[in-house]
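Across the two complexes that follow, chain A remains constant while its partner is chain B and subsequently chain C.
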Partner chain A sequence: MGITNRIPGGETSANSKTVMGIRKETIEGILWSLPYLAIFTVFLVWPAVRGLYMSLHTYPNKFDLSQTEWVGLQNYVELFQDPVFWNAMEGTFLFVGISVPLLVVLGLVMALGVNKNVAGKRTLRAIYFSPYVLTVAVVTLVWAQMYSTSFGLVNYYLGFIMENPPGWLTSANLVMPALAFMTVWWLVGFNFVIFLAARQSIPERLYEAAQLDGAYGWRAFKDITLPQMRNSVVFVVMVQFILQFQVFAQPYVMTQGGPQDSSDTLVYYLYRSAFSQQQFGYGAAMGYVLVAILIVIAIINFKVIGDSND
Partner chain B sequence: MTDSTIRSQIDSDRVRNALLHVFLYGLAFLMAVPYLYTISRSFQPNELLRDPRPYWIPPLVGEPVTLEHYQYLLNNTLVVEWTINTFVIAGGATLLIVVIDSMIAFSLTRLDWPGQGAILGIILASFMVPYYMNIVPLYQIVADLGLINSYWGVILPAVASPLGVFLLYQFFRDIPEEYEEAARLDGFSTFQVYTRIILPLAKPILSALALFMFVYNWNAFLWPLLVLSNETAYTLPIGLVNLYQGNIDTPGLHMAVAILGSLPLFIVYLLFQGQLVRAVQMQGATG
Partner chain C sequence: MGRKNAIRETRRKFIKSVGVGGTVALAGCSGGDGGDGGDGGDGSDGGSTGQAGSESYEITFWELFSGGEGPIMESIVKKFNEEQPLDTSAEVTINRQRTPWNEYYNKLFTALSGGEAPDMAVMHGAYLRTWAGGLDPIGEYVDTSSFKSDYTQSHWNLVTVNNNVNALPMDMHPIGVYYNKDLFEQAGLDPESPPTNWSEFKQAGNAVAQNTDSHAFTQSPYNDGFGSFRTWSTWVKQQGGSLYDEEWNPTFDNEAGQNIAQLFKDMTGDMGWAPATSEDTWGNNAFQNGNCAMAMNGTWYVAALSGVEDLNWGFFKPTVGPNKQQDKVWADGHSIVLPKKDSRSDAKSEIAAQVAHWMTTQNPSWGAEAGHLPAANSIYESDAFQNSPYYDKTLSKYVEMAENDKYFYHPKVPNGDPNAQNWYTWLVDIWAHNSEPQEGIQSGIKTVSDGISGN
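Presenting the complex of A and B:
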């Protein structure tokens, strides 16, 4: 305390003390980091390493995981020859291909609309964002009823304009679009609020200057809005790719991957392999393949939307 | 410009603005339909649930309303216990996240020690690891530690998330050095700098982070599903789905449980909407 801590030259007290030759600040720095680092290491870093080990082994005894058998890359080889895996891959890409563009475009349209001179912005924002706070369990429960072929709300209204409206969750062609549409309802608010913040941070003078040059509407959007919002677009696209690629609860709760495996997904298959069939090495290998796919998608994303308009 | 072209310009602006309102409010209505439907069906008597005709609230004259689904849930299921479990898990995880994430963010930004750059790099790189990739080995580790069916088995992996560290790191880094230097000269210890200078300045971001983490962990699905296999230990999302899969033919019950399961978070949302939205927007701004 007091005068003894005042070191000439602006050095602070924590910098100067040493304990057994180590600066006190170094010790403090490590101690303050330790609680997080310990949990981070045990529950995030260690699993990633152990997953690699598991993916190179099989577990012949389902009840005793200390018995392992080295199989090298056999799990990966089997995976790439597994038709269920490829079917789940197809389902995942179909789901991602429908949900991500809708999530991004609709979120953007909603944000640009609300940013305009409209009455009741707060109410609109509250409604648009609200489904995001629901758990996926509630979302699937509610939409399973809405989509019900004979008793659902969707088909009740469709019944007025068409005969025999389709079974949304029981038709192989419609089930993935139906799950994707539901997911858009659930999560679009996340993108909407991010885009809204990004749009609101664009200085209005940019638009005023452009108007003098006669740039309105579409041209102002293309020349000012999109380039200025590029970072948030890249962020939202990335986040949604990563999230939607890991779709699990929707097929798990609503369809169990059916009908005819048409709504199976990679994470759902991973879950079944590891936790229903106890093929832990196989499941771990699938986890690693998932990461590889996501990394490739990330690189493509940055190449396609990250670099343009520079 | 003649009078008439100006007038037609104003008219077309007005039409455009009206169309915009129709679009935005129409969309809001459509997005709210699942809520109205859920509420309405949860009060609909069992014998009417086979009727696909929606039954809007408030009911038309003569349409009966029942509380039987809610009564059944409260009397015959563990929905109250599940709510308490979820509260303990989401609250515990949030508290731990806010405390230890702010500690390490403080250490990485306000203290100077060798190796901190490398540690920050590793934490940031872990963002690239999709959560689900780890579930198989993580399950084995949690099992080895004897944490299956325990709250800690859900909480600790959630606390490992780097999101909070990243957000707080960015915020703490931008706090001007001068505050801290002045405090140090007044003889503040490191702990006092953290509690009296940094934490008060970071209050808005800490509360936004806390709220986001609470919602996120309240809603978590796959991990609690794996770890909590004992019905009395379920969180709400897991209990809800189990109830659904056990009685597929009771829509009124599902709608009532959907209401009970989302009510706590909806109240939180109504009270703290601004902070939650800010937490999401912060993520977008840093991305």
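Presenting the complex of A and C:
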């Protein structure tokens, strides 16, 4: 097809027929995209537009969402004056600040380790990836038991090396690190797989050439591995920021935001506002603040790590 | 709209004159042709179908029962579908859907605001004011005044909001103290003479704390905010403290509120009755494993305890708070409501109301097996209720408290979610020594008043 199109006057060839002045190829392309575009529109574009509309309104009758009242930016103004919101924001940033670096660095270390010719690397690959197949409900319920102060596995083993192991989910200082650590255990396998695939696609000749120039170890990692894996690093970092900023099920199932609201998060507060307090406008405004945060982080991410077209 | 109201008004008068049988007959008549103010069942919501004289109705019914209660509700629905007990020629089936209780109201609310509510739903009494705008008043379809005598006065009060009855009462589930007789004996107490006042209660708790390796008491087996509130508010009311003023501003930072908050802190502190923890499972595990002597919880706890082997448990009334001025005990109850749904015909609503009446009056198993206080007067005299395995242990004492008007209802707030855990987690924080009592109460006042005002 490509060759045909390059023939001078190819626009008259059989493969470049036009229908009502539009190239057949274009029409085919649109048709192939339609199923996805339809789903994308119904489940993403429309809710996003609707959410923006909701965030600018209140609902005087909570049982009849057809009655709306325009309030402009009032929901946003109230949100920024709401201490619960700021506390949830703090909790979310703490969670993201612990989980995302660990998820990226550990994933990378595990991938580079397995990429070496270590014994049992196939088994290791399966082991590293296996927690990722569990659902969040299973992970949170199991870890709630493991973290239990009185009979949990974690404190059982810690009991051998320390006098009074701490209450992981019952201490205001430890609860977020504990939730973040559990999340790293659960999700790091995904990053590991992405990084391993990226590492394996780096041609070995690059390393051989570098060795001839005397570049080993850290130097080879810095100048060959990392730049070659840049796309996957950008992808993993971005995906993890998006996912971890939406942390919800962990506090919802395990702590209900406690103790002392120290494990409250933005999405958990959004959920409570919209579905428990029936303030859809307020919840929608919070959703949009989250989107704004993620856009800023995406920009920073691309500025700092850059894309491959630099 | 005006015409619809006029028709309803006429129907109410008619219902009053012909009674229940007539109502169902009327429902059957008007259901077939959908000629009822233009909003007749169109089949899309499982409304009436078929020809006159052979109508069928599918009533969608949402409920939240799990644990021991779930299978009992399932059997009640099954019985209805098989026996077709309503006095009507129409075939009526209940399509039951269960949602776990912590998700239930959020889901119901979303369905309601999206116009897709079920025909019939279980609702706690505490929600009847905040949800009033989302409910079809049941009195629009059946003559509730003729039903009133079917229910006990306290249950009728439970579903009465601003002198209106928008729901039919199903049960009441107050709280009490469950205790471990073996641990009482170990502590040198008489297991057959449980505490009846504060000094005996305190003596019992201290004896367990001092003479055994076990904990003395849990304020809620699940160490949750709402469970803690049930216990705390019971003792606050016993001291004469109030929870809200007439404008629904929370007032529980009063002296009684502070005293009981301090008591919570002391129980897990100086008194040594329980560990200062916010861990959610410790109390239930400890009580069921025989490591905790007393647990304050609702009627529903019997279903969980009856499955625990080797647990020799008893029950006493929770009227054991310190400096008691009056006997008051927290209670709430389940009711059945008809959520608003434009696509439901009046005829179908009438059928749903009749189903709710049958469900709440003709099923002794709900009290006898699930352990709740049934709403219908007739059930109290029934053999099934009196022969319940829990009758002597718990039910008879709960009944006694009802007869002596000891219950106060979980506050029916005008807005927000009165059962939301986060309204009351400050109590767990006090219990676990994460907050000082005064600081905890102030944060509770703020959370609850924000929740009610919608901020």
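As a convention for this text, the second predicted complex is superposed on the first by the 267 of 310 C-alpha atoms of A that agree within 3 Å, B and C clash if a C-alpha of one lies under 4 Å from a C-alpha of the other, contacts with A are read in each partner's own complex, and residues count from 1 in each chain.
We adopt the following convention: a contact is a pair of C-beta atoms (placed from the backbone, for glycine too) under 8 Å apart; a residue touches a chain by one contact, two chains touch by 3 or more.
Bear in mind that the values here come from a model prediction, so they are computed numbers and not experimental data.
Colleague: Taking the superposition on A as described, I'd like to know which of chain B and chain C A:Leu290 touches: first, second, both or neither.
Modeller: Touch partner of A:Leu290: chain B, not chain C.
Colleague: Would you check which partner chain A:Gly217 touches, where first means chain B only, second means chain C only, and both and neither mean what they say?
Modeller: neither
Colleague: Could you tell me if A:Gly257 is touching chain B, chain C, both of them or neither one (first, second, both, neither)?
Modeller: second
Colleague: Looking at the overlay, what does A:Leu65 touch: chain B (first), chain C (second), both, or neither?
Modeller: Once the two structures are laid over each other on A, A:Leu65 reaches both partners.
Colleague: First (chain B), second (chain C), both or neither: which does A:Ile242 touch?
Modeller: A:Ile242: touches chain B, not chain C.
Colleague: Which partner reaches more residues of chain A, chain B or chain C?
Modeller: With both complexes superposed on chain A, more residues of chain A are touched by B.
Colleague: Going by the contact rule set out at the top, does A:Val114 touch chain B (first), chain C (second), both, or neither?
Modeller: Once the two structures are laid over each other on A, A:Val114 reaches chain B alone.
Colleague: Now for A:Ser150: first (chain B), second (chain C), both, or neither, which partner does it touch?
Modeller: both
Colleague: Could you tell me if A:Ser276 is touching chain B, chain C, both of them or neither one (first, second, both, neither)?
Modeller: Second partner only, chain C.
Colleague: Could you give the residue numbers on chain A that contact chain B in one complex and chain C in the other?
Modeller: Correct list for chain A: 65, 144, 148, 150-151, 275.
Colleague: For chain C, which residues are in contact with chain A within the complex?
Modeller: It is residues 105-106, 109-110, 112-114, 131, 133-134, 224-225, 275, 277-282, 285, 340, 416-417, 420-422, 425, 428-429, 432, 434-435, 450-451, 454-455 of chain C that touch chain A.
Colleague: Could you pull out which chain A residues touch chain C in their complex?
Modeller: That would be residues 61-65, 78, 82, 84, 144, 148-151, 167, 169-170, 172, 256-261, 272, 275-279 of chain A.
Colleague: Would you tell me which residues of chain A are touching chain B in their complex?
Modeller: Listed in rising order, the residues are 1-2, 5-6, 10, 12-15, 23, 25-26, 28-30, 32-33, 35-37, 39-40, 42-48, 50-51, 53-54, 65, 110, 113-114, 116-120, 123-138, 140-146, 148, 150-153, 155-156, 159, 185, 190, 193-198, 231-232, 234-236, 238-239, 242, 245-246, 248-249, 253, 267, 270-271, 274-275, 280, 283-284, 287-288, 290-291, 294-295, 298.
Colleague: Going by the contact rule at the top, pick out the chain B residues touching chain A in the complex.
Modeller: Answer in residue numbers: 17, 20-21, 23-25, 27-28, 31-34, 37-38, 41, 49-54, 99-101, 103-104, 106-108, 111-114, 116, 119, 122-123, 126, 128-141, 156-157, 159-162, 165, 181, 184-185, 187, 190, 194, 215, 218-219, 221-222, 226, 236-238, 240-241, 244-245, 251, 254-255, 257-258, 261-262, 265-266, 268-269, 273, 276-277, 280-281, 283-285, 287.
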